[in-house]
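Two complexes follow with subunit A in common, the first pairing it with subunit B and the second with subunit C.
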Partner chain A sequence: MKKCYLGVDVGSVSTNVVVMDSDENIVDTLYIRTQGKPIQAVKDGLKEIESRLDKDVEILGLGTTGSGRQLASVMLGADVVKNEITAHGIAALKCVPDVNTIIEIGGQDSKIILLRNGIIHDFAMNTVCAAGTGSFLDRQAERLNIPIQEFGSLALKSKAPVRIAGRCAVFAESDMIHKQQLGHNEEDIINGLCEALVRNYLNNLGKGKDIRAPIIFQGGVSANEGIKRAFEKILEQEIIVPKYADVMGAIGACLLAKDEVSKTGKTNFLGLDVAASDFSVKSFECENCPNMCEVVEFYRDDELVARWGDKCGRWSDVKVLSKEKLA
Partner chain B sequence: MKITFPHMGNLYIALKAIFEELGVGVIPPPKCNKRTLELGTRYSPELMCMPFKITVGNYIESIENGADTLFMWGGCDVCRIGFYNTLQKDILKDLGYDIQMICVEPFESIQQIKNFLKKLKMVSGENNYLKFLTIFIKGIKLLNQVDEFEDLVNKIRPRQIIKGEVDKLYTKFEGEIKNVKGYKETLNIIKQNKEKLKKIEIDNNKDVLKIGIVGEIYTVVEPFINLELIKKLGDMGVEVHRSVTSSEFINEQIDFVPFIHSSKKEVHRAASPYLDTEVGGHARNTIGNTVLYSEKNFDGVIHLLPLTCMPEIVAQSILFTVEKEKNIPILKLVLDEMTGEAGYLTRIEAFVDLLKRRRESIFNEKMLSRS
Partner chain C sequence: MTVKVGIPRALLFHEYHLLWISFFEELGAQVIISEKTNKNIIGEGIKNTVDEACIPVKLFHGHVLNIKDKVDYLFIPRINSIFKNEHICPKFCGLPEMIKNSINDLPTIIDTEINFVKSKNSLKNTIYEIGKYFSNDYKQIMSAYDKAYLKFKNSKRIIKENPFSEVNMLNNKKIMIMGHPYNLYDPYINMDSIDKIKSMGAYVLTPEMIEDQYIFDYAKKFDGRLYWTFARKLVGTALYLIDKKNIDGIIYVSTFGCGVDSVVADIVEKLIRRKSDIPFMLVTLDEHSGEAGINTRIEAFIDMVKWRDISENNISAHG
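After this line comes the complex of A and B, so read on.
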């Protein structure tokens, strides 16, 4: 029987699942698009992973992360529910123990994490703008009618630099259209976009931060070689893209789950076949006070398993009570 | 006449009691909620800061409940807030509301306090200045009592043994305040609840992190705009200290009066190597209090500001240097209309993780150097 841990990272753009064995080797990884349906994505991801795994694999623990971490935890029963900043930091430390800087660019947000002597020292996340993130690139790729997977390799072919404004997605887009109409090469424009995104990232998140090597680049966008090269050019440093760069959050969740299970000696994980359960959500507006919270009720196979969304705890605390009674 | 005022955290408790003492009908606005925000953003200039928008919403909701006189503070030296009342009066007039606005200037001198008392006279129709003065002093006392109560709440919340007990008491407290009138009754309720709070079972040996909150006052004291940050941190087992509160704000202005104390001098001294003049708002306090928190061995500082807040943007650029020189982690949170909490929670949780690990490593270093 092979003993393994499961990490699930439910992000806005992708849902990632990682299976890690007890010696911390990665057994399998999965990257699927969330497409605005996190519940379905988690179900599909788990089913897919189950069908790929050997029959004799036993899951000892589960960690969840990403913006949908609470949801995934309620669905599957997690041992650890961790924010993505800590999860990414833990995973990067595993790959490069002396890492000092982590550049993480995902679909909806981007982060910079600074580490010193193996602990997270400082971090920043983009605030109100998505200009420096994957969805911006996605949209531009669509506009140019190029599959996003080829975006990076095309950028590498560029010979003449074309400067594109990077401050804001709207500016960048109109600047790009203008450069297209001037007749610039497609690869030069794509390269310009990559550099614009990197400049934007460094101006927003890197401002005032001491970016020291070794630098790791991870998250969905790290698959884009054009961006990697732009970072290397501007920072004048080597950028390391780890083997499993696109699923680092899930790896961090695995490591944390292993740690937690070793402490508690048991797991909350409901088993791989939980993916076959029927999940449904109902919501209502609580009218008990002027806050008018939107309360979400979560059902697993018609059984109410959790409520959330209220400020005062009158609904979410009920769940805890009923659980205690059952026990 | 029915008077109302905008919300700013627990300030309403003292204001309500003062006006009741003056014998005026008071209509406090409903607690800030989604509708307040919606009304406020609909009728305010787009680029205006959040506190302005929420205040406009407060007024409209109060007027709907029957208020006809609006109380507001202003003055020309603080920040945009000095201009709030003028603009808000116009906005409400354009909307067709027939209202009267009473605006109080900052208390910089005895003369200003006199002017304030004069304005109170307009409201109440009473003539006795001595009575006004006693009511004014009572108001200040209440304000200080409420903030002391709140500080105690923030101290006990991370240490409570049964999760949610403090908040249950607090919700009940808010309900009780609604039903009492005047200084004496209000003070009694605060005192009673303080005693009840002290009886809540706590874990004294719990290792709690300490985080200080600095920044623009409205975002610090109003839980609706800061997405209940202080409560969330408390539930994560963090003791939170607020550096700017309504009571400290008033005390700083009137500490030339013999029996009033504020930490203004200390804060200004602490800020002076980085910023030794007023640049508006609470920028100077933000810098000074961050320095003080580092001297008091707090684990970290959270800096709150509403989007487009000029004084705090100035403070923010200085905080980079303070963070480095004083070796204290600072998390900046910019607050605006967004009520989606996921992004904020991620930042807060990660910050708390960072502080925990940092404390552990400092502890380990100490142990190593000792052995």
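After this line comes the complex of A and C, so read on.
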């Protein structure tokens, strides 16, 4: 029986699943698009992983991360539910133990994490605005009718630099249209977009930060070689993109789950079969006070397993209370 | 019938509520305060405010709408300066006009100017101007103010009693959450940040808990003139914490598009980063009601503070 740990990272754009064995080797990874349907994405991801795994694999523990981490935890039963920053930091330290800087660009979030002597020393995330993230590139690729996978390699073909405004996705789009109308090459414009995103990132997150090598670049956008090159050009440093750069959050969740299970000696994980369950969500607006919270009710196979979304705890505590009564 | 005076639960209410409420009550008025911020108040506020205003000003509009039909007077003073040689965000000076321009069918607005930029000599006049709406007796107005001020001062003093003492903290991490009082003390707008930090086992402190005199003295050490009263308080707080080293982490709560914070948050961040090793995080709020973003940031910040501690202990254990 091969003993493994599972990490699930439910992000705004992608849902990633990683299977890691007890010696911390990566057994399998999966990157699928969330497409605004996190429940479906988690189910699909788990089913797919289950079908690819050997039959004799035993899952000892589960960790979840990403903005949908609570949801995934309720669905699957997690041993550890961790924020993305800690998860990314732990995974990066595993790959490059002396890492000093992590650049992480995902779908809606971008982060910079500074580490010193193997611990997270400082971090910053983008503010209320999602400019300078993967969604921005996605949107522009769609506009140019280019598959996002080819975006990076096209950027590398650029010979002449074209400067595109990077402060805001809307500004960039109008600037880009203008440059197109002037007749600039597509690859130069794409490269211009990559550089605009990097400038935006460094201005917003890198401001006043001591960006020291070794620098790791991870998150979905790290698959884009054009962005990697733009970072190297502007920072004048080598950028390391680790092998599993797109699923680092899930790797961090695996490592944390292993740690937790070794402490508690048990797991909350409901088993890989849980993906076959029928998950459904009902929501309603609570009318008990003027806050009118949007309460979400979560059902697994018609059984109410959790409620959340209320500020006062009137609804979210119900399940806990009934459990206590049952016990 | 008793005269009813309404105070919106927004902006400087969070700093001066006790003074204002007691003053009006001493003068025999019934004080009506708008409800705690809720979805309806924020929604109406956003709908009825000029687009470019910041979220706290939009909230103020929502709170006005919440009580305007229940009161005879609305207390919306034109606050220009509350301290000698210092100013306040210009939106406070224009607040009565913004309200009158955007909201119809208002009761009488008490929009007395409060301006102590030259000196506090105008204080008595200001008090009399406000009190006149409720009484013709100068002495009664002044004595009402004195009583209200005593209450206000006492409450301020209690907040400052030993919040930094070791007994209070036990072994908890101490986190300073700083920013404008109307962002810190409205749990709806900051998505319960204070309770969230507490629930992670940390002890929460705010600038209001530091002695005024410390804030004054430390702010004086800043090289340059601090134009705004808020700036003095926040920069003074930062320099005090840097010097005393009695804090494990600092979170600055700001709102999107805040003109004062565009300068002050930056100064505070630079001071903390250059002169200390205290973990610092800036959180920006706006109309967003999804809490995932702020939860992630607070969780990660507290993780970092705790993690640093473990590693420091390890290092000292080895030598």
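The rule is short, and it goes like this: the second predicted complex is superposed on the first by the 324 of 327 C-alpha atoms of A that agree within 3 Å, B and C clash if a C-alpha of one lies under 4 Å from a C-alpha of the other, contacts with A are read in each partner's own complex, and residues count from 1 in each chain.
The rule is simple: a residue touches a chain if its C-beta (ideal position, glycine included) is under 8 Å from a C-beta of that chain, and two chains touch if they have at least 3 such contacts.
Since we're looking at a predicted model, the values are computed, not measured.
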Combined model on subunit A: subunit C and subunit B, fit or clash: clash
Subunit B versus subunit C as contact partner of A:280, first or second or both or neither: neither
Touched partner set for A:290, first subunit B, second subunit C, both or neither: both
Which superposed partner A:312 touches (first subunit B, second subunit C, both, neither): first
Touched partner set for A:83, first subunit B, second subunit C, both or neither: both
Which of subunit B and subunit C A:174 touches, first, second, both or neither: neither
Partner chain in contact with A:208 - subunit B first, subunit C second, else both or neither: both
Partner chain(s) touched by A:35 [first = subunit B, second = subunit C, both, neither]: neither
Contact residues common to both interfaces of subunit A (with subunit B and with subunit C): 67, 82-86, 117, 119-123, 125, 127-128, 208, 289-292, 311
Subunit A - residues contacting subunit C, complex: 67, 82-86, 117-125, 127-128, 208, 289-293, 311
Of subunit A, residues touching subunit B in the complex: 67, 82-86, 109, 117, 119-123, 125, 127-128, 208, 289-292, 311-313, 317
Touching residues (chain side subunit C, partner subunit A) in the complex: 35, 38-41, 188, 192, 256, 269-270, 273, 279-282, 284-286, 288, 292-293, 295-297, 299-301, 303-304, 307-308, 311
Contact set on subunit B toward subunit A in their complex: 30-35, 164, 167, 171, 228, 307, 320, 329, 334, 336, 338, 342-343, 345-347, 349-351, 353-354, 357-358, 361
